[in-house]
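A, B and C are the chain letters, set down in written order, and residue numbers restart from 1 in every chain.
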Amino acid sequence: MRTRFQQGLDDLRARLLRMGGLAEQAVDRACQAYIDRDLARCHMVLEGEFEINVAEREIDELAFDLLALQQPIAVDLRFILAVTKINSDLERVGDQAVNIAERAMDLVELPKADLPVDIPRMAAAVSAMVRRALESFIEGKAELAQAVLEMDNVVDRMKDEAFITLVKTMNERPEVTRQALDALLVARNLERVADHATNIAEDVIFWVRGADVRHNVAPESPLHQRSTDTH
Amino acid sequence: MGVGIKVEKLNAWFGKTQALYDITMEAPANHATAIIGPSGCGKSTFVRCLNRMHETVPDARATGRVRIGELDVYNGTAAVQIRRRIGMVFQKPNPFPTMSIYDNVAAGLKLNGFHDHARLDEIVERSLKLSALWDEVKDSLRKKSGASLSGGQQQRLCIARALAVQPQVLLMDEPCSALDPISTGKIEELIFQLKEKFTIVIVTHNMQQASRVAEFTGFFLLGKLIELDKTEKIFTTPSDKRTEDYITGRFG
Amino acid sequence: MPETVTATSDFAAAPISLWRRGMNFFATLAAAAAVVLVLLPLGAVFGYLVYKGIGSINWAFLTQTPKPVGEAGGGMANAIAGSAWILLIASSMGVPIGIGAGIYLAEYGRNQFGNVIRFTADVLNGVPSIVVGIVAYAIVVLSQGHFSALAGGVALAIMMIPTIARTTEEMLLLVPNTVREAAYGLGVSRWRTTLSITLRTATSGVITGVMLAFARVAGETAPLLFTAFGNQYWNWKINQPTAALSLQIFTYAISPFDEWHRQAWAGALILIVLIVFAVSAVRIVASRGMLKGTN
């Protein structure tokens, strides 16, 4: 039934997954570039941003057309709305990857400093969050999305610890202030990526369950009368 | 003011074929309740059971309880009496072809013995105003026949005719399916305003119409009521998969 | 999956063949010829009647009773009046019964019993008029002991009823069910709906049926032979033999007198004219009563 509509939905899904892949790859590359002090990789990230922006526009346009022409309701409407929101979050993830790459480019010119902060571990956690959020979208499974929401707390703690440690380092070793600042900003960017991954997970739950779980309000609260476990 | 409709375990048959199975639902007063579902699901049959029009088909019968306000539709009162308290608008506009516009609107009253002419004038004017047709026909009330109006106007005439007997409940069986979008829009506007005074049950196969016009929506499938809930719930997060499959066009 | 449909353009664009066009022209010609063939006898009859009868129509003919054999002059005034009187009696019985039967068949008789009635009506329609006359003779004349206008009326009524019943039934069935439903929805009872709504909607068709039956029996001669019997004088009493135009024409036509032949032609012309006049008058009156926008 409704072949054209179904094709439109499948197209939207495929495009969003491709964009997710691009964003995930951008973050991984930027983090790797930072860890390895790899200028070439930084440039790859900066060049990749254009493709992500184009993809964002195309997805929004397709979603808009489907809304206008096909009058979707219920699960289809939730899906399209979720896609537009995830689209926006993925584009921001791309922006954060660029920011990380820029910090990496700055760091390359400075002498190597041994900082007591585990950026690679944080990067791995954040990368896992993004991947799991996208998986939950591919599979349409709210449980996977729920897991992402829980990982956000871990990453937040990592960022807070990094801040404290790096501020202390900057006080004790003023000669590595710039490197410490770069590290601080990268930690901040990674935390932002984690927030976007969390948003994506919340949007997946909205699509799959029709429950609005944003801003940490529990589904059973009186603010949300729509929550039902249907699937 | 309208009254609520309560239906309990309504079953209906055409001869040996059962058309409705144990329908239990409520349509609240002064609200519009839409009935949706694929062809042959029993939605028209259901609405016609509410005012016992179902019985006009030979070999048709219904069991169960229907209460319209204080009135028990199936126990005690004659079908003819019941239908005088419930207004009905049909799918294809059906004004009486040999009667003028005035006589059409007054038909429900005149044919049932009411002949006070002064009050009739008043009632006809009021009903035509309620159905937003007064301005278009006030100069040719007795000169033009009901059938000489356009489709949309004819349907509004039928609405005026139904309202003239001052029912508390208005049943509408796909009232806009034979009309163009502009006439449909006018009638939907009308339904919105009529809700203040009447309780409305509207059968429609156009889901966008149900979502525009009704506060509550019931989904029928193969003679059973699958789900009845607030319209925004049905159209954003329906509880039953069958409802969702139907409204998203997966079948039907 | 719906299969894609492609239009074969060469089919739509091909010119219409000569053979097809020829057939079209021929069929149109044949239809026109059929119309002419139908109108020809009608025109011929009317024309011939006018030719033979117009000379004999004068004021005396229209106002005087027949003169005794041998005398010239006289008229058919009493026959004209008598026909009208008998037809009035016949209509007053035939029309209500016929319409009533039609209403029953259409609204309540969609069953085996109704089929029996329908069959009976169709058979009755085919009964020869002389037989109807004999039946009326047996029922009315023999029991009363004399010929009468009433007997004539009964005979003609029996002939009117099947036609009126069947056309009424058909006209009522043509009324779409949505109109009845509209009335039921307003809480109007079934009999009231049938009379005030359904019948009223079918009025023009029912009138046509009545006119058809009327025109048919207006010219009948055989049923009146043993019932009304005929009369040389004026009679307005229902229980006495009455003159009728068709009877008078019959009597004069088979007589050996030229004078009477002449008057028979005139009578025939008058009969046709009166029938046309009556049917048209009813049509005009009925359509005046209708509103703008109805047919």
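What we mean here is this: a contact is a pair of C-beta atoms (placed from the backbone, for glycine too) under 8 Å apart; a residue touches a chain by one contact, two chains touch by 3 or more.
The structure presented is a predicted model; accordingly, all values stated were derived computationally and were not measured.
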Looking only at which chains touch which, which shape fits best: line, ring, star, complete or other? line
In terms of Cα-based centroids, which chain occupies the most central position? B
Centroid spacing, where centroids are CA-atom means, of chain A and chain B in whole angstrom: 52
CA centroids of chain A and chain C: separation to the nearest Å works out as 91
Nearest whole angstrom, what separates the Cα centre of chain B from the Cα centre of chain C? 45
For chain C, residue numbers touching 2 or more other chains are none
Interface hub residues of chain B, defined as touching at least two other chains: none
Sort out for me which residues of chain C touch chain B in the complex. 110, 176, 178-189, 192, 196-197, 200-201, 203, 290-294
Provide the residue numbers of chain B that touch chain C in the complex, in ascending order. 51, 53, 56, 58, 80-85, 87-88, 90, 92, 94-100, 107-108, 111-112, 143-145, 147-148, 158, 161-162, 165
Contact set on chain A toward chain B in their complex: 1-2, 5, 71-78, 210, 226, 228, 230
Tell me, which parts of chain B touch chain A in their complex? 207-208, 211, 233, 235-239, 241, 244, 247-251
